[in-house]
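For reference, the structure is listed below as structure tokens.
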Amino acid sequence: MGQNYLASLSHFIPELLACLTMFGLILIEATYKEEQKGRGFLFLAAGLGLASVTVFSFFALGKEPVAIFTNSLIIDSFSSSMKMIMVLGTLGAVYLTSQSSDIEGNLKPEFIIMATGVLVGGMLLSSANNMLVLFIGIETLSILSYVLASLKKGDERSSEAGLKYSLYGGISSGIMLFGMSHIYGVVGTINFTEIAIVLKSVDQTQIAILLPAFLFFFVGIGYKIACVPFHMWAPDVYEGSPLPVTTFFSIVPKVAGLAALIRVSQTFFATPGALNIGWVGVLSIVAALTMTVGNVSAIGQRSVKRMLAYSSISHAGMMLMGVLVISELGTRSVIFYSVAYLFMTLVAFYVVSFVSDKYGNDHFERFTGLVFRYPLMAIAMCIVMFSLAGIPPFSGFVAKFHIFTALLVKKYYVLAVIAGLNSVVSLYYYLKIVRLMMLKDAESTESISGFSIMNQSAVLALTIPVVILGIFWEKLIIMADGAKVFLQ
Amino acid sequence: MISLSSYLFISFTLFVAGIAVMIARKNIIAMMLGIELILNSAALNFAAYTRFINNNLEGHLMSLFIIVIAAAEAAVGLAIVIRFFQIKETIHIDDAAQLQS
Amino acid sequence: MQASSNLLNWILWTPFLGVLGVLFIPKSKEGLIRWWALINTAITFVLTLVLYSKFDITVPGMQEAFNVKVPWISSFNIFYSLGVDGISLPMIVLTGLLFMLCIMSSWTITKQIKGYFALFLFLQSTVFGVFFALDFFLFYVYWEVMLIPMFFLIGIWGGENREYAAVKFFLYTFFGSILMLVGMVALYYASGKGVDSFNILALHGGRFSNLTIDLFGTTMSFSKLFFVFLFIGFAIKVPVFPFHTWLPHAHVQAPTAVSVILAGVLLKMGTYGFLRIAYPIFPGASVHFADAIAWLGLINVIYGAFCAMAQTDVKKLVAYSSVSHMGFVMLGLAAMTVTGMNGAVLQMFNHGTSTAMMFLLIGILYERSHHRWIVRPDGSKGFGGLYTQLPKFSIVFIIAMFASMGLPGLSGFISEALIFLGIYEKFTTITVLALIGLLLGAAYLLWMFKRMFFGDVIEECKSYTDMNAREIAYMIPLCVAVVVFGIYPAPVLNVMRASVGKLVSMLATY
Amino acid sequence: MEYTISTIAPIVLLPFFAFVINAFIVKRFTTLAVIISCASIVGSFFYAARVFFDFLNVFSADYYIHKTFTWFDLSYGSFPFKMDMGIYIDNMTATMLFMVTGVASLIHIFSTYYMHDDKRYGRFFVYLSLFTSAMLALVLSENLISVFIFWELMGFCSYSLIGFYYEKEGAGNASMKAFMTTRVGDVFFLLGILAIWSVVGSVSFVDIYQAIGMGKFNGLYALGIPLATFAGFSVFMGTIGKSAQFPLQVWLPDAMFGPTPCSALIHAATMVAAGVYLSLRCYPLMEAGHLTTFIAYIGGITAFGAATIALVQTDIKAVLAYSTISQLGYMVLGVGVGSYNAAFMHLITHAVFKACLFLSAGSVIHSLHDHHTHAHVQEMPRMGGLKSKMPYTFLAMLFCTLAIAGIPFFSGFVSKDRILGDALLMALDNKVYWVPAVLGFGGALLTAFYMFRMMFLTFFGEPRDKELFDHTKKETLSWNRNLPLLILSLFTLGAFYSGSLTGQGFIKVAGEKYEWFQTLIEKPNLLKFNNKESQAFGFASNPSSETFQKSKYDSNHGLSAEKAHHVHHVHHIGALISIVIAFSGVFIAAMMYFWRSWNPGFWVSLFSRWYRALQNKYYFDDLYIKGFIQKGLLPLNNFLAFVDMGIYDRYAVDGWEKVNRVMFTMAKWFDNIIVDTVAVDGTGASVRFFNVILRTIQSGKIQFYFIMIILVLTGYIWTLNI
């Protein structure tokens, strides 16, 4: 199965390109330190690099799945699509960085570089096929994220966020490793494929060890997805870190973690048995809790950013629903959900960022009567909010619909109902913003300013998919259908 | 002859100790050490398992990488701690309780 | 496709074209916007009449001639498929009529006219979608999309407490429809994901009657569980008793035209859902739950009437009265006999016209008085001697009032009589109790009328002017409808007879 | 001529079209509208007369016209449902038509005098036309549903006409009271219709008769009651409501708020009589349901009770109103004691003389105009000695009073006496009937008394309000004021209705032809309907060829000789008693109010409590309005409404959001409090458990997170390993 390394490299181009972009950016950063034009150049380079990554991973989509580097990485259409999503998310975050005034100018390049690094980690994670790569991926992701979290120099909140993140990351990756070690002890290999084979025939005592071990293992991924009860760092970090960073965090690490989780679940726990039952049970409890806690906490928030952070937690729970049905339907639904979620989150954070740049903070009151000041922004935000709540004809609804299809084919009626009720609760706080924006009269009616045509077009360009994918979603679902996890 | 169980016991102790430190100590540097303890317990496990049960190199590989990455993580962590210290003139964990849900 | 088969598309999309048109008209040209909207709705109404004229009353079930079926999401076998049968046709014509009249009544809207008319036409399009849809997914999409314009129409142009009402309406309905979504997906699998697993017609019949599912070890009937899901989804729209509390808020806060649509059309969607989806798909379960439905309907009738009698806000009173009247529809549905079902559908239509009249009239009054108190909180009279002050208004009001209390010769009576004939054999006790509701219905309306219209003209009413030409113009069609269908209901009944009969005969086998 | 729906229809349609046209033109061309109304009703009167005389002279006794057409048809497959409408004309219908149209046209004519100065002159005729058409349609109705429809329509007209002077607050109350009270009866009526439908599968009279004849009702139950009884009772409740019988009589006196002509037409002659008409139509059902005793009691109680209340009224219209109730009581009593045709005869005669009485009262009131309040006076204490002022009115009123008081040779005597006679007969057969019979006779006494009291107070003696008297101008003979009165009063002569002017034939006019009423009206003979052929729309069943083949008048009423003798005997006694009673009533009235030798005040003081009770109408209004509605209904409403919005909606529905908030705050609280307490102790404990020597431990939040992880993990593992 293993191919020689040069051959493997040909499948590894996206990751390589990402690394290349990273290095290139570092060089550019090093050459032009302070000049403005250099920064523009930098953004351009970053854009081009990431775009090329997207292109390549897009071309990797249709291809036969291959296991490269002695079967330590698997490049299949599933991983490629996840990668694409991550790259797009990074692009979005990068663009936001270029516009946002939440990060001082001289930190923006750093952010981009780090983000690319995180992206690389995510890509590794999404196609990791043995524990080592998984671990490396997670660490790459985490360590750079710690830095990102504490990006704001001299801002104590930011640094505190970084601190917490790092400590939390440290302990959870430690626990994960501890779990891994025991798994390795029992099954005698770190390669997923072989583990899967071994797992087919394990006796009772081994299971007694494996179950806790896998739980420890889950901690590592779970905290990346920020699912209850490993979510507690998330709000603090999301709040503490600059807005583009938050945007980035609420997309890329989540998607990466989900990718890893899906692969793990599908490789290890596809076969029914004690392990399967235990894993699914844990996941379903976690998913239900995640959604509920996320929504309930989101209701009480004053800051929209924080509200979105919590809502992203609840959406992670929703996606976990798609994971815990260990099936291709689930995978498909998760991919679709991630795509929809990507666009929705980006638009939402864009709007929040523009608003908070203009008015200093992003409390709900700032959104009052937004429609009279920035109609486009308000309407886009409206659409996104409805979409996040899962109201047709927007992509959020379709995503939810697919999650339901995945759940109900396995007859998880209770989970489905819980998910449904949660989306009702979520509608409540999404409506809160809509209400403020559309129904309230503006506290002050300034003319449309500070919202450049470029940003407008960006928001528009990101909103259109939210609508289109809600009505003509067949192409995407077929694509997602093709993106199966490669099992040997 | 030291058996596997003793290794496992040691590593478990390390693990628990690490957790305990993480939980109990208020000094951030100490907590970093706690993380190190946990990682090392895992590394020890890998090594031990390789030595006793299955004789392939993957375990060793893992433990090596663990050591490396632990170093990296420690570096970043310490950097952050320094930043924190610069701002707050303290490395007391309870002073990092500003962000609240 | 046949020549006439695009008619449904035209009816469905004409309002949508209207929306686009409104968006392209500049904000300043208010008159143009109004007239555009009016003409658009008028065209739509004419189209519905054309549909009525081409309708073949002998055919039970869907009229093949009009069906539209275009693949939408082939991988899920979701189709954009429209159709019309005897149950939906009256609703469609009613929708066409009411929206036209509401546009006329909205002439006095001054706040953000452009948005208002755009949303209003959009609402019409979605409503048509719900009544036309033959694909469950399409139905659901329209069912949900409709909430968005409603939310804004109530929330922006409503009364002082509008936001609360709007949010409440939205959440309530969304709660119901989520359960419906679960049911829909479950059906998709239960029907084997086949070519027509979202095709409502194909799901008809007791295909699922002997499926079972087990939750926490307890085995329960698939059809019963999901009938309850769908029931809640639709019952909230109707609204059936425990889920009715959004209605008073929404009605009171909404602007006149919107509460007309709400009461006249949207409430009917709930019952329409029963007739089109819940009953035919789960006949066994619906027969099994018939008693429960009947009792709920009874509670609606009595409870709604009691609450209505206590109201001092006339619009709230009428709102509760429509809770009570929809109770009659539920009774008719519970009967599952030819008389009861026909009565229910007819009542859906008649209540649409009569309650629309009531709300329009209250709107007209409100434009003069800017309050709706029958009796002010301080106990003083809100209105008095309107009969003397506004003679024309009073005459129309009398017609509307007696129509909605079911005076023979006006439309309300026949439907209620049919419903009673339908349920008597099955639920004698319920019939007897429901007749009390009939009594109360007369009581609160007459009491309200007495307090507002009789006696000397109180000071503040002296300034009111009688209905003007425009108002008369949009009241006349409703008056005519109420009287004509009261004397000769056959035009409506003939249309629905075959389709309803088909449904009843299907239910009768369970 | 061929009797088909289309040929009968004009009787109804003429007034109806008058209504439709007038509704639109009345504002502008008032006079024209009035003319149209009057013309239409007169036209349908001639039409009805034609029908009536055909039935009287041409058709055989048991001939009936039954034509139907399908109103709407809901049949599908094996579920037949068809709603038919149509006409059913038998002798009774024909007679009713004749009476209604006749009285109605006279009242129309009178109204042109009475309402002329009113500012809603035209609108009054609009309502009148609608009402008349509704009443005629009800009479012609072929089934109970259409009866119900027009029944309610009449209710609507009465509502509008009572509220005709809507400037008055009282008018609003009265009209609402009237509508709601009758509505109570109507709802029962509808229930009865449903019950009948469930058995017969149709509510056509013919089918109902047939079903009863075939005993379809036997052994069926509804809510544990025999179905015939259930249905019969429900339908009779309709009668109770419409005909203002005890205990729903409260609305009729208030109905006098309406203009007097409408009181004459609706609340005296026709609409209230329709109730009795209904129970006559459904007589077989009542019999099958064994309700006759009950009905007789209701009738007797009403007849007597209303009469007693009438004793103390001072408002002339109020007196007439209560006398109407009481007379209706007699009709119902007649139904109860099974004197079918006497009851119907009393319906007709009463319609004539009561209409006339009201019109006369109207002409009195109209001419008494108070110049201070600019209102018409209808208080008897302010009248007196009007004989000289308005002789023709007096004449007419006198005739009617004689009739209603039951003086021989007048129509009232003929009909009422028969009812009382049959009541007596029943009483002799069956003890149960003593109460109604005695009440009936007592009522007769009171009737004579209070009617003549009214006469004396109004027309005789000294004018008690001199100024008013002087302002009143002398009555001059005018066609639209006096003609109707005189015509009607002419028809109060008994000879028009029966040959035996003094009841059961002391003085018999020779020739059975004079007993046309006896021969015409007979209980529906159920056997007749067992083989009825359904007659489709438009096809006339050919009338029997032989010209005058009435079932011969049989003085034995189809009884065996000695039974018949017994009957005659009883009837003679009854006649004697009622004559004596009538005259004594008149005598007492004369003693009190004419010769004034007895002082009414003495009696009042003697029975003071009763007097108060009577003035308060036996406290029925208090019971219903103060007691039932204000103490019972409205509080209940308010309570429910409060529960709905104040509790259910506020806490149960909006509660979920609060629940969320609570959960959220709990989460915060969890983080803030628990962290600093439980976490500390918890870690302390755990640390001590691990034998690590540590002193006081504070914990930041982050460490609490770690604790959470560990706890959760252990929890999971624990659960998993079970």
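As written, the chain order gives the labels A, B, C and D, with residue 1 at the start of each chain.
Keep in mind that, in the parts below, a contact is a pair of C-beta atoms (placed from the backbone, for glycine too) under 8 Å apart; a residue touches a chain by one contact, two chains touch by 3 or more.
From a predicted model like this one, the values you see are computed outputs, not experimental measurements.
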Practice prompt. State which chain is most central when centres are taken as means of Cα atoms.
Written response: C
Discussion item. From the centre of chain A, which other chain's Cα mean sits the farthest off?
Written reply: D
Discussion item. Counting C-beta pairs in contact, which chain pair has more, A-B or A-C?
Written reply: A-B
Worksheet item: So, what's the distance in Å between the C-alpha centres of chain B and chain A?
Response: 27
Worksheet item: If you average the CA atoms of chain A and of chain C, how far apart do the two points sit, in angstrom?
Response: 43
Discussion item. Rounded to a whole Å, what is the gap between the Cα centroids of chain C and chain D?
Written reply: 36
Discussion item. So the centre of each chain is just the mean of its C-alpha atoms; given that, what is the distance between chain B and chain D in Å?
Written reply: 95
Worksheet item: What are the residues of chain B that contact at least two other chains?
Response: 19, 22, 96, 100-101
Practice prompt. Check each residue of chain A and list the ones that touch at least two other chains.
Written response: 164, 167, 171, 175, 232, 297, 428
Worksheet item: What are the touching chain pairs in this one?
Response: A-B, A-C, A-D, B-D, C-D
Response to the item:
As the complex stands, chain A meets chain C at residues 386, 389, 391-393, 397, 400-401, 404-405, 408-409, 411, 413-414, 416-417, 420-421, 423-424, 427-428, 431, 434-435, 438-440, 473-474, 477-478, 481
Worksheet item: Which part of chain C faces chain A closely enough to touch in the complex?
Response: 72-76, 140-141, 144-145, 147-148, 151-152, 155-156, 162-163, 166-167, 170-171, 174-175, 178-179, 181-182, 185-186, 188-189, 213, 215, 225
Worksheet entry | chain D residues within the chain C interface of the complex | 71-79, 81, 145, 148-153, 156, 160, 163, 166-169, 171-173, 175-176, 179-180, 183-184, 187-188, 190-191, 194-195, 197-198, 222-223, 633-634, 636-638, 640-642, 644-645, 648-649, 653-654
Worksheet item: chain A touches which residues of chain D in the complex?
Response: 656-657, 660-661, 663-665, 667-668, 701-702, 705-706, 708-709, 712-713, 716-717, 720-721
Worksheet item: In their complex, what parts of chain B are in touch with chain D?
Response: 16-17, 19-20, 22-24, 26, 93-97, 100-101
